[in-house]
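So, here come the structures, one by one.
In the two complexes below, chain A is the common chain; its partner is chain B in one and chain C in the other.
Moving on to the complex of A and B:
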């Protein structure tokens, strides 16, 4: 997609009238800023290892209502017990098969903007956030009022179907009131050949609130999935993020968490499985802006074939953020000689009394362990899968929610079956 | 049971076994002694099929079949077992799961019904009692955080569970305290039978007091230079290896 095709799609969205006129200047401003910056390239520090060719070489177009004929859609294969699901099909909200539990207020982005006189928090000025603002379509806000605990998880399920070279730019807000809590799942599915999803999600956690956030990136291995997540935490709030990513030709997660209140906790975890020519890039920035906060970034990847990945994790401890406790760890398992991982955990510390650690390892399966297992009579494929399973178990075992855990395990098992070879 | 003829093997350009011959009949207990670096573990590795060794001459035959082209799992399924000198630590691999998978692979290979969780637990608990190990081993990851002696016991536990016909014990006695040594020796002795053979590698005559060998071999620089009865071990303990060198 070159600049002129972005421009012609932009002109198209400006002519659409289902958003209020308020949103037009916001779009315009964002798009102009985007044009000034352009798409990132490998000369940009934060994009050194990621090639955006899969975006550049295809002309994506906006999704039309006709791209989402509801009768085509069958979501039974994505069944997940005790979970409320909001379905977005090729960029369009499927109201009749969507639900949220009571206690959660679900409103459209248009209404949310109107209610707040369009003084809503914008993401930042990174190119993909700007693109998201310029093109934002399926938009939502979930609000949980003060003191409300939502027991059953809420899932937003994005499905893309075959042969649609469409571009979808969901914008979501999640506002958690004081002492409220929710489990939230973003799930990406579909068998498209060409599809470009660029979502921005803005999460606000008020004092003492809790959010457990899952991101299941299981969309087709031919498509593009860019996730921009912005988390703002007040004091004593608790945020846990677990990503399970095995989909996308090109995947990039930009997760920025700001710990702004005393005693906030933020645990960011990711498990990435890639094969063939997939490339998945996780870019995480945790900023400690207040004292007594705890954070961690734990990422693991298993890479098969010629796939590649990036872990770029930064923890910033600002001046005054005393008693910060933070850990970073990135471990990567290369299953083939052609696989490549770029790991770059970084610490930036401007406070004195802090406890910070980080580490990174990348390697192949342990030959001694393989022989040990085989010498007990298990064949090489079983031996490998035993070791791969052990490698990922530390990411999956800690998941508290049993249904979600077994759901993720079943997806991992499927991947393992296909990707463990002699 | 095991017949090794004029075996020459090594790594890279280094020949380690230099014309080794060894014949073990069903029910026999053979001991191999020798200095550090003489090639004892190399011999165990070559018999059990570890990758990375070349064989330039000779053959390893097990039950009248040449096995040098076989992958390690095929040898294991055929009844070979090695208790590792340095058991491998495998974080994240549950001990019970590992052992149950291995046992069921073997049962499947033998055309027996695979054991379910309850059936396996019953069996493994008997073996644990035999080796005076407590059930907490079952929940732990394979050898992860195990003491030196605990790792060795875990190897013997695997042996008793998998029921091999030829067991190679590579310095299983090293790192065991006196009581543990007796327990392991008792376990091995109970396991002895006219069909089961052993190759025990050790530095100490002490072990051979508990586990009586039929034959003792001395390995020097990749070759067996002397074989004899159990009194050879006593003689070695007194005189060292120097007198056997040419």
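Moving on to the complex of A and C:
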């Protein structure tokens, strides 16, 4: 998709009138900024290992009314049946099969903007944030008021199903009031061919609130999935992020977490499984802007065939953020000769009374361990899958929510069956 | 901890002890950079045509390049036209020490290089570089017996042009990076070492660099070649006089290790770090150091102790081409006051069973900013490659920074690579433990810092280990609390 095709799609969206007149200037501003910056290329430090060819090569178009489902959807095939679900199908909100638990207020982006006099956060950290603002659709906001604990998880299910090259730019805000809590699941599913999803999610955690966030990237292997997540944390708030990614031709997660209040905690975890020519890039920045905060970044990847991966994790400890405790760990398992992993765990520290550490390992399965298992009568495929399972289980075991855990295990099992070879 | 605070203050306020200016007549060409200047340098050094051509090619390429800005360092733009690219003490081609300017000898004495006594004292041959031209070289004869060539770069160009032509630019090509390209165009002198087949160099080779003469950038070029089965240990160290104007130093070091050979390159760097309060006047140190393990079983080891310079930009690297070759990098870097350092290494694994080790220790105090930036690249053919990296930082005081940016790129599944890093201050519990056993905070702190750096100091040759420990005392000891 070159700049001129972005422009023609942009003109299309400007002619539509879903949103109030407030949105148009915001879109225009963002799009102009995007044009100034352009799409990232490999000369950009943050993008040096990721090739955006899958975006550049194909002309994507906006989702039309005709891309909405013709008949009622059945979402049972996507698992996790004990949760409340908001369904977005090719960028279209499916109100009739969506629900949220009581205590959660679901409002449209237009209303959310009006309520806040359009003084809402418009992230502009990367060109994809700007693109999202320029093209945002299916935008809405989840608000949980002060002191409300939501027991049942809320899922947002993005289904992509089309033969045509659609681009979708969901925009979402989550506001957690003081001492509230929620478990939130983002799930990406679908069997489509070329598809470009560029979503932005802006999370705000007020004092003492808790959010457990899951991101399941299980869309087709022809999809481009760009996720831009911005997290702001007040004091004593707690944020846990778990990503399970096995889909997408090109996946890129930009997660920026700002710990702005004393004693905030932020734990970011990710498990990536790739094969064929998949490329999944996780770009995480945790900024400690207040003292007594704790954070961690734990990422693991298993790479098969000619797939490649990037882990670019950065922890910034600003001046004055004393007593910071931060850990980074990235472990990668290369299962085949063509696999490639780039790991950049980075620390940027401007305060002295801190404890920060990071570690990274990349390697193949241990030959001695394989031999040990085989000498006890297991065949090579079982021996390998046993070791891979052990490597992965450290990421899956700590998940508290049983249903989500067993869903992820079932996805992992399927992947393992397909990808363990002699 | 008020006592510690005092110690911190007293050390942070310490002025550079080795600052002095030697007043010697020297021959300097006017500031400015153009093809004429390069021709002039080449002409003055009586260089062959091919070398002039090479310089000019580098210069033409350099004109097309932009200053790199990816490093985490800040400094005012350098005006390359205000630098004089050639400066040499007037007297040249001395046959004995008597002919050396007495003032110059005094400078060496202040630096602790008593040329007259060295032969007896240390058994180290010193090729002293004083503003770009080698003045005196000792121990030539003994080295000659072993067949070792150890001379200034310009001598090497005259006496061994074939060797220079064969290897110059093979490790760091003239197109490599902004500062290396500049160096290729205007380098004035440096050291040249060739160790023939099967020879173990009978002594540690050492060059003392010293910057003098205001506004003179130093562009050294060092080329070390270890032929099959040979072994050499090379030492480089420097201090510089106080200056108000920033001095640019853009050196290039190339190492070539043939089959079964070993090169050990050690550096102690203590250039003027700039005014303690403002950071003004310190040396800019933009160095390109790289070694190639060209054939099987070669080994290159870099050890550096970086305590000086206002800005350091330095990544000693190893290209592990031959099977079973080994690359090592041991580094202690200290930034105090307004010093900035962006340093680290690159290990490129190409051959089978190649191994690399990276041990980097950073100490940041005052307003110092320190960055470890290292790349480990394991290419497709590097079966069973192995890397271990460890980068630890200590922060002293609340306005300094320590950053770690490792780049890890693995393209072979049989490779094993590990990276770990920690950043912390000196634990109060550690201090308490020592205090409790009757060790003063001051001693405890120096003990802890020395212990922190021990792994690297152990790699230094004896002569340097002593100097390094002393340097650490001057730069840091006690400033930790």
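The criterion applied here is as follows: the second predicted complex is superposed on the first by the 417 of 422 C-alpha atoms of A that agree within 3 Å, B and C clash if a C-alpha of one lies under 4 Å from a C-alpha of the other, contacts with A are read in each partner's own complex, and residues count from 1 in each chain.
One rule holds for everything that comes next: contacts are C-beta pairs under 8 Å (C-beta built on N, C-alpha and C of every residue); 3 or more make two chains touch, one makes a residue touch a chain.
This one's a predicted model, so the numbers in the text were calculated from it and none came from an experiment.
**Q** For A:336, select first, second, both or neither according to whether it touches chain B, chain C, the two together, or no partner.
**A** In the superposition, A:336 contacts chain C only.
**Q** By the touch definition at the top of the document, which applies to A:372: first (chain B), second (chain C), both, or neither?
**A** Only chain B is touched by A:372; chain C is not.
**Q** Just chain B (first), just chain C (second), both, or neither: which does A:359 touch?
**A** Second partner only, chain C.
**Q** Contact-wise, after the overlay, does A:345 reach chain B, chain C, both or neither (first, second, both, neither)?
**A** second
**Q** Between chain B (first) and chain C (second), which, if any, makes contact with A:99: first, second, both or neither?
**A** Touch partners of A:99: none, neither chain B nor chain C.
**Q** Does chain C touch more residues of chain A than chain B does, or is it the other way round?
**A** Larger number of chain A residues touched: C.
**Q** Touching A:45, do we find chain B (first), chain C (second), both, or neither?
**A** Only chain C; A:45 stays clear of chain B.
**Q** Can you name the residues of chain C that touch chain A in the complex?
**A** Contacts found on chain C: 70, 380, 393, 395-425.
**Q** Inside the complex, what are the residues of chain B that reach chain A?
**A** 48-51, 71-73, 75-77, 81-82, 84, 87-88, 90-93, 98-99, 101-102, 105-106, 109, 141, 158, 162
**Q** Along chain A, where are the residues that touch chain C in the complex?
**A** 45, 49, 319-320, 322, 332, 334-337, 339-364
**Q** Under the definition above, what is the set of chain A residues touching chain B in their complex?
**A** Listed in rising order, the residues of chain A that touch chain B are 366-369, 371-380, 382-383, 386-387, 389-391, 393-394.
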